[in-house]
Amino acid sequence: MKNLRQRTALLLEGNGEYRQIGHIIDIFLITLIMVNVIAIVLESVVTLAHHYKQAFLILEIGSVSIFAVEYLLRFWSCVDRVEYKSLECSDFKRRLKYLISPLAIIDLLAILPTLLMMFITFDLRFLRVFRLLRIFKLTRYSRAMQLLLQSFREESGSLIAAFFIMAVVLILASCGIYLIEHDVQPDKFGSIPAAMWWAMATLTTVGYGDVVPVTPLGRIFGGVITLLSMGMVAIPTGLLASSFSEQLRKRRVLFCDAVHECLHDGKLDDDQLEHLEHLRCKLGLSKQEANKAIKSQLSARTKNLYCRHCGERQD
Amino acid sequence: MKNLRQRTALLLEGNGEYRQIGHIIDIFLITLIMVNVIAIVLESVVTLAHHYKQAFLILEIGSVSIFAVEYLLRFWSCVDRVEYKSLECSDFKRRLKYLISPLAIIDLLAILPTLLMMFITFDLRFLRVFRLLRIFKLTRYSRAMQLLLQSFREESGSLIAAFFIMAVVLILASCGIYLIEHDVQPDKFGSIPAAMWWAMATLTTVGYGDVVPVTPLGRIFGGVITLLSMGMVAIPTGLLASSFSEQLRKRRVLFCDAVHECLHDGKLDDDQLEHLEHLRCKLGLSKQEANKAIKSQLSARTKNLYCRHCGERQD
Amino acid sequence: MKNLRQRTALLLEGNGEYRQIGHIIDIFLITLIMVNVIAIVLESVVTLAHHYKQAFLILEIGSVSIFAVEYLLRFWSCVDRVEYKSLECSDFKRRLKYLISPLAIIDLLAILPTLLMMFITFDLRFLRVFRLLRIFKLTRYSRAMQLLLQSFREESGSLIAAFFIMAVVLILASCGIYLIEHDVQPDKFGSIPAAMWWAMATLTTVGYGDVVPVTPLGRIFGGVITLLSMGMVAIPTGLLASSFSEQLRKRRVLFCDAVHECLHDGKLDDDQLEHLEHLRCKLGLSKQEANKAIKSQLSARTKNLYCRHCGERQD
Amino acid sequence: MKNLRQRTALLLEGNGEYRQIGHIIDIFLITLIMVNVIAIVLESVVTLAHHYKQAFLILEIGSVSIFAVEYLLRFWSCVDRVEYKSLECSDFKRRLKYLISPLAIIDLLAILPTLLMMFITFDLRFLRVFRLLRIFKLTRYSRAMQLLLQSFREESGSLIAAFFIMAVVLILASCGIYLIEHDVQPDKFGSIPAAMWWAMATLTTVGYGDVVPVTPLGRIFGGVITLLSMGMVAIPTGLLASSFSEQLRKRRVLFCDAVHECLHDGKLDDDQLEHLEHLRCKLGLSKQEANKAIKSQLSARTKNLYCRHCGERQD
């Protein structure tokens, strides 16, 4: 028999017998976060802020209350969560560990600005905008985004190198255009940092056009930089493209390995099938692909199972 | 012996003995749709609309009549189509099922605005533009586009995640530039939604340049956002690139599997060759590639299965 | 013993014993074409055209004479070229076949405008610019470009589909912005074709900024279109990226097949090594990669060469 | 026992027992280079240059002294470095070889402008900017960047071909827009080189918008060029994406080969493990991937080599 705290933990994680109701709570919270973000964005429009002052206030107080209750419930029940239960330490340490986990900090940031605004009164607008940080609460719910972020993390070395190349080209481009256009347009290319605005807009192919070289030499130099911009854009794109391909391959291999392991005794029972289905969802593979992997592993087993010479099983 | 309805169904699908004449009908309809779209676009130019009023009207009436006839014929003969024939339900249900299929709805949308314009008379121009929806009738004819759209569908999870990351960065960027430039350019960055126009143009590297930050801090922040824009553009591109690669691989594997299956008895008869040729077209593989796959599967079977000298199986 | 025509053919193709001298002629012609293109571009600057009139004229006459001689020599010797020699038809037909080959047409286009200018006198400037077409003469010399163009050709189906999607989005975008901004900016969004200029610049992320929506609704719609632009740019990029990967793989496979075939008798003689080296260059593989392929095929042979059961060679 | 010069070489290379202290020196130098670059960029702002004249001067003198000492130490100790030790030539030749190595030239360029400024007095500002070249000193420290640059080098053939296609399209685009818009906007499209500025900004999707076609024909032509720009951007991106994928694959294969070789005697000793770990770092593979490769190679050896029951070899 589970106590209230354990049930709360299961409910908030959406595991076990509370999967359905946990799913509903998730959807409610996701909707609330989105409504909040839209409201905060619209509140910055002066006329809207004036007309619907009451509505915005009620929404804000209501949302923050719900988020606060969610935060407290999560904090209270965190010691019963699967990943903290297995830690061998006191409940206090577990709670502390939870408090400094990224998701808990995001949850805190979602309610902190409003709490501060209630007690401190000096600069309201500045804090108001920080309420937008509650958009990060959505990260909890998107698996595909976590996979995307993982790609970024795995390619971080290459991306930093790409960023470094970008920085070098950026500095040399600003320096070059500063030397060439400095005297003709002192208001636009008056210093290297000022010239960087042009170089940045050009190298990323944004190209605002508010600052452009006008001398023939500046335009030739600018033309070379626009050509380089294609390379600059190509590097991160290429890195991510190859990283995504790599991840797809890795996930397929991971799934095949899992199938291989499950097939150790030559057949798949229901538990193993459910486990594989769960893994399939987690890795984002299509059903068709998964079936193919299982089938090919099965046929591979029946073919290579016995020694060609003595007929004995090989494992 | 086939009756008229069955023949109409075959004609409109371009299958069986009517492949050639069905192909001609297809080309006629594609041309008609394109001419229609070009006419509607040109009709929005006031001078042209004035000069060639008669011609546009005749083209419109003629086209809509043809499309209406096509729609009625398709509706009438749909119960004899291959995919609906195999459904175990009454003809009425089949017709209903056809009516709510995407292609039937597109066909209806192609004629509806003009039909409405004949009976309702209040806002003509608005409806006139909706006639452009008949461009979607072209989806029926492009296999490569269907394959492209399939890529989008398969990557939909990741693309939505990418879109979500984009939305978060967009909101934070607009919010940041709003805080920084709000006081200096109240007409351009007067609210977060207004600042989003700049953020959107920057993060997608469109960079109109009609709204740009002017303060040093705003330009530093803007520079950071232009850098982020490269990442924003790289994510969908990378996802699609890896998805297209994956699809190419999958199609190749599918074809090899089909060849493997056909070769179960050690040889290919004419039926199987036609089946493989059909599959090759459907999967969009080159002839060279297909021949290679067949050859390698053939040689794998004949070469490695038995020792040529002692007749023992080799695997 | 070869006659003069055969030697000319070998010289112009750079084959056989004339490889070295043919290479020098190639470099001379490439340089001449480039100098020509630069000269034609610079000649459009009025002051330069005035000052260096004499020099431009001499260069033009000299170049055209050389190109004309080259064209005549190629035409004269074409019947002795390897690819035309093997055709079973009369010399006249071979010459005709050569005349309508793309490279011969390009060679003709390179000299035609100047020849016309000598005899016809009405609009000189128009023809002058067409002399730039001689830049296409360079296609003869670049293998990497031919490989690139092959990628385009192989993906042509998908690229046309991408282009078609682009066209549909373009028409819907122009139509939408025309409906929204037509009344506010009649000079910029006065008709759908006029609105296409904005839609084209936005969907390709060029973003000139000379025409932008100004109404709130127009900016929301414009924002959606900028988001779509990322997808539009991602499709061709993704297609080409996956196509290039595919080509790399195919070339590797082609090379491995060639190695496999050469190793039929279990060893590589000098002729085969030269043949493989030639193929390696043609396919643009690195030396390291080629060596690896050869080594792995060699070891595969020695391992699987004999039947496990009777010890006899397997092929 | 090592002498001072040998120790200096080890220290500067960060090898052997000086790995830790060498690492600290590296970090100090990297920081110094970055501070220098930032200072030079900020010095171009007139007000800052005026206010902090003293600080900039001290930083410059201090940095150049340190870089000069580093340069001299490297030059002195270069004959004891691993890669020069193995050369069979006199110390003088080794030093000469070091002097003309790219990294030594970069080190020299980092101190040369300031040294020149001390002795020559005519144009200070010009030389001052060249001090920025010391940013290239950072190349020594980034392995990921060296891998990126290798990708560029390996794809150089294709990239040059892409660049050539770009040049052809660029010239034809400028020529076309020159013909069309020359008479209407003589100040912007007065000559082909002037028209190139627009063509360059359009084909790279930068799209400044300072120069745009205004005639209907010019806009239609411009629209076609914007469409081509997507292809232009797609080529280098696709090339790099496929090149990065290829490199990932090659590195994986290289590592697997190394594991295979190490496992020749059926087990891994400590030396081999360290060797593999070193290789893993050099190739930038993840630990997880490396372990997988080792495990699969191990199991391939032990599982399939002999039948567990009858002891017969299986391949």
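The letters A, B, C and D name the chains in turn, as written, and every chain counts its residues from 1.
In this text, contacts are C-beta pairs under 8 Å (C-beta built on N, C-alpha and C of every residue); 3 or more make two chains touch, one makes a residue touch a chain.
Predicted model, so just to flag it, every value in this text is computed and none were measured.
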{"item": "Chain copies touching (subunit A, subunit D) - same or different residues, decided at half shared", "value": "different"}
{"item": "Cα-centroid distance, subunit A relative to subunit C, in whole angstrom", "value": "41"}
{"item": "Centroid spacing, where centroids are CA-atom means, of subunit B and subunit C in whole angstrom", "value": "29"}
{"item": "Contacts with 2+ other chains: residues of subunit A", "value": "193, 196, 205-209, 233, 237-239, 241-242, 245, 308"}
{"item": "Pairwise touch network: line, ring, star, complete, or other", "value": "complete"}
{"item": "List of subunit A residues in touch with subunit B within their complex", "value": "37, 40-42, 44-46, 126, 129, 132, 135-136, 138, 142, 144-145, 147-148, 163, 166, 193, 196-197, 200-201, 204-210, 232-233, 236-237, 239-245, 247-248, 284, 286, 289, 292, 303"}
{"item": "Subunit C residues touching subunit B - in the complex, by the definition given at the top", "value": "154, 157-158, 160-162, 164-165, 168, 171-172, 174-175, 178-179, 190-194, 196, 202, 205-209, 212, 216, 219, 222-223, 226-227, 229-231, 233-235, 237-239, 241-242, 245-246, 307-310, 312, 314-315"}
{"item": "Residues of subunit D defined as touching subunit B within the complex", "value": "205-209, 237-238, 241, 245"}
